[in-house]
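What follows is a structure written as structure tokens; I'll ask about it next.
For reference, chains read A, B, C and D in written order, and residue numbers begin at 1 within each chain.
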Amino acid sequence: MPQQYPPDHTKAGIDAAISELVIANRILAREDVIDDFGHVSLRHPFDPGRYFLSRSRSPANVTRDDILEFDLDGNLLGNDHRSPYRERAIHGEIYRARPDVNAVTHHHARSVLPFTMTQEPPLKPVFHMGSVIGTRIDTWDSQDEFGDTNMLVETAEQGASLARVLGRNRVALLRAHGAVCAMPTLRQVCMVSIYLKENAELFLNALQITRPGYISEGEARLASETLLNDLCVDRAWDYWTARAGFAGL
Amino acid sequence: MPQQYPPDHTKAGIDAAISELVIANRILAREDVIDDFGHVSLRHPFDPGRYFLSRSRSPANVTRDDILEFDLDGNLLGNDHRSPYRERAIHGEIYRARPDVNAVTHHHARSVLPFTMTQEPPLKPVFHMGSVIGTRIDTWDSQDEFGDTNMLVETAEQGASLARVLGRNRVALLRAHGAVCAMPTLRQVCMVSIYLKENAELFLNALQITRPGYISEGEARLASETLLNDLCVDRAWDYWTARAGFAGL
Amino acid sequence: MPQQYPPDHTKAGIDAAISELVIANRILAREDVIDDFGHVSLRHPFDPGRYFLSRSRSPANVTRDDILEFDLDGNLLGNDHRSPYRERAIHGEIYRARPDVNAVTHHHARSVLPFTMTQEPPLKPVFHMGSVIGTRIDTWDSQDEFGDTNMLVETAEQGASLARVLGRNRVALLRAHGAVCAMPTLRQVCMVSIYLKENAELFLNALQITRPGYISEGEARLASETLLNDLCVDRAWDYWTARAGFAGL
Amino acid sequence: MPQQYPPDHTKAGIDAAISELVIANRILAREDVIDDFGHVSLRHPFDPGRYFLSRSRSPANVTRDDILEFDLDGNLLGNDHRSPYRERAIHGEIYRARPDVNAVTHHHARSVLPFTMTQEPPLKPVFHMGSVIGTRIDTWDSQDEFGDTNMLVETAEQGASLARVLGRNRVALLRAHGAVCAMPTLRQVCMVSIYLKENAELFLNALQITRPGYISEGEARLASETLLNDLCVDRAWDYWTARAGFAGL
């Protein structure tokens, strides 16, 4: 697949995209969304058939030098031979199924995990900030199509199966495993990932009193529109970057 | 609105007020009352028709240069054109309704949120330090007057409605959204905001055993009088400033 | 009360005692036993009728210069006129009632508070390290003798009443307020204070499953004897000092 | 017991083993598995009848100079006379009973403790990462053979009794006390120890909703095989070392 980007701003655009991806790795680690495992990817800004993803490394430690480039089948492009993540099929198959999506996270945020193990209550927005996760979140169970496995999403078939459960939504859960989040921009996918964790924590805390109500469908739609626009997302990004040690970026 | 302050100590007084407001921003972030969203304002020390509030920025990152000046209608004074917070109507309308109030916070402290979603049990003081929040806290529900919205307090009508629910109290809750705290001084509003969070956390922890009793009305009044005087508030301020990175101030 | 200490090692002994007290202040703050309020005192090493205690300052910020000297009636000795803690009657009255005690803490550790609000279950050791708190902990209720107050222990009568409830035990709770811990040495009172907090946290966590059993009286006695000897206490002190920023002391 | 190691790479191999052991001490402290008490040991790389273990010191503070060498009876080798841990019989007796084991931890991770106090529910893997702890974990109760004790594992008889309860498993619990983990490599025992804590935390959180299901035996076996291989263990080790302050090692 020959590279045919516009000659003049190609390199600067790719450099900026990779910088943002490194920052997103560090943010998601700092905000306790991702720990030693889990990852975040970004679709190539000029070629929708490719994406960027770190080599097999914990996001807290990722630097520019760790970012690799893959096609949607998960083939590593270029001559780099360092080990990639085993679960990169998650990213390729979601990008294939969802042209509107340009950034994907996969993580095991601890507060979200209980909701991957139970049918009830469904994980939906319980406060205004939680609206960004959307009002429908389905759970992919690897047992349904694949039986006993190592529970990882390692094959294209598994990735495609997960992408079908994600559907048009922003978030899907993986039974006894974790979550995926998929959004048009990298900053948005960070917000959705972080507030998925926050909404789940708050849900668990509220259960100490009683099962909380959800915000209404209308509220979720209107609040989400406000919160996912640039004014709010960039304010949060400014906050997260400072906390992750990139103040002034 | 021409400025007619006493000529000699005007600038020094305003400078000191703005410094305290910056410190309050950083304290409330450090103490996990406010995160990427939420804000704190201070009424102008010489003009009760104005107040200071950061531009749209997370309190953890706020510096002197971010502080803007507004009239009670939320109009930005001066030639600054940076984006203000969308919810500044909270501040203007509380200052309008409550001449005794000179400092206001709005936040989404996680331990408080469960109490915004449930009718029972009411959030009231369960330990002596919790007395500072007062013994009556009502909940404003944006649905009551405004139906489905983005849940933010963006219009003067919404701000005035919230101020009516706050009434003469120190704290009001916003359904599935957060809280506002209003006090005569900036240091007091920090204490009320922080102990609102602490009292709610303790309440949730106690629920793991049983529903806790409240301290008596008499205890709440007497303890609050002691804790909100300068000896206690300044000791706490000395503690919070050091933790927020301003040791020696 | 004239000072008649042995002339040669008096000053060095007092200096060392004050250093340990400063470190204890910082340790209890670092370990989240004490926050903006709460305090720790040490009986004078050469005069049992006196004790050392910081001026009214949060323990996290205490330095040598903040340490004051009091008699058991709470009178400030010397010419220092800085404000003392309002609740110093706790310390004087416990030292008066308990000649075996040389160090006292008063704190509001959050995990302990729920047990000050409920009759059941009693706070007793649920794991081996918890044995250091002793197997009997009674609760002092300021209502019993004093009715509605500001809930602080401000008078000699209140301090003496609390000391009676403490009795011969290591720990007493204060209803909806906090705890006191009293031990022969400063390092031991730090261990008891920290493991009181830990035992309470663990108790609350276990309640998420079921009400936990207690360790037996025999186990509590034997484990406590082992854990309060120098080998264990000094290992823990080495750990706490490093965490509090005094590595190498 | 004369030393007869291969002459050329003996010292380098031992030096490297001791470095890894120091790092493991600091990792387990940083990840809140071990606090002031608890320990981690490594079997001697060239002599299966010996093991390395710190002197009696909190793992957070351990340096190379603290590492001592013991035979399986717990005798201190060499002329070092610093105090060893009282519970070293845990290590010697597990190494004696389990030739496949080369690294052992003993700790009191707070989330694990509730499961040491209750019969139900058994602590088993509730998410894919938890698979590394194995699907059978038994509890050793010091009362069964030894009655009231100080609850520590101080004699060879107690150590051997505990090793029998551990059996062929990776983890055993100690009633109202803590846990032991035993694995072929030091990095694996860190992973098992950390994910034992994580699995227990998650279990407790899930109980706020309902009692969670376990992953299947087949899933546990397959996931564990994947997660305990070098690609995953080394990625986690790279993450833990950076967090513990050894970035770049």
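Here is the rule we go by: a residue touches a chain if its C-beta (ideal position, glycine included) is under 8 Å from a C-beta of that chain, and two chains touch if they have at least 3 such contacts.
On a predicted model such as this, the values are computed, not experimentally measured, just so you know.
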Next item on the list: Starting at chain A, find the fewest moves between touching chains needed to arrive at chain C.
Entry: 2
Item checked: Same-site or different-site touching of chain A by its copy chain B, using the half cut -> different
Note to self: Can you work out the whole-Å distance between the CA centroids of chain B and chain D?
What the structure shows: 48
Check: Cα centroid separation between chain A and chain D, in whole Å?
Finding: 34
Note to self: Give the residues of chain A touching no fewer than two other chains, as numbers and ranges.
What the structure shows: 208
Checklist line | For the chain B and chain C complex, residues of the former touching the latter | finding: 126-129, 131, 198, 201-202, 205-206, 208-210, 212-213, 215-216, 218-219, 222-223, 225-226, 231-232, 235-236, 238-240, 242-243, 247
Next item on the list: Please give the residue numbers of chain A that touch chain D in the complex, ascending.
Entry: 35-37, 56-58, 60-61, 83, 86, 108, 110-111, 113-118, 120-121, 143, 147-152, 176-178, 204, 207-208
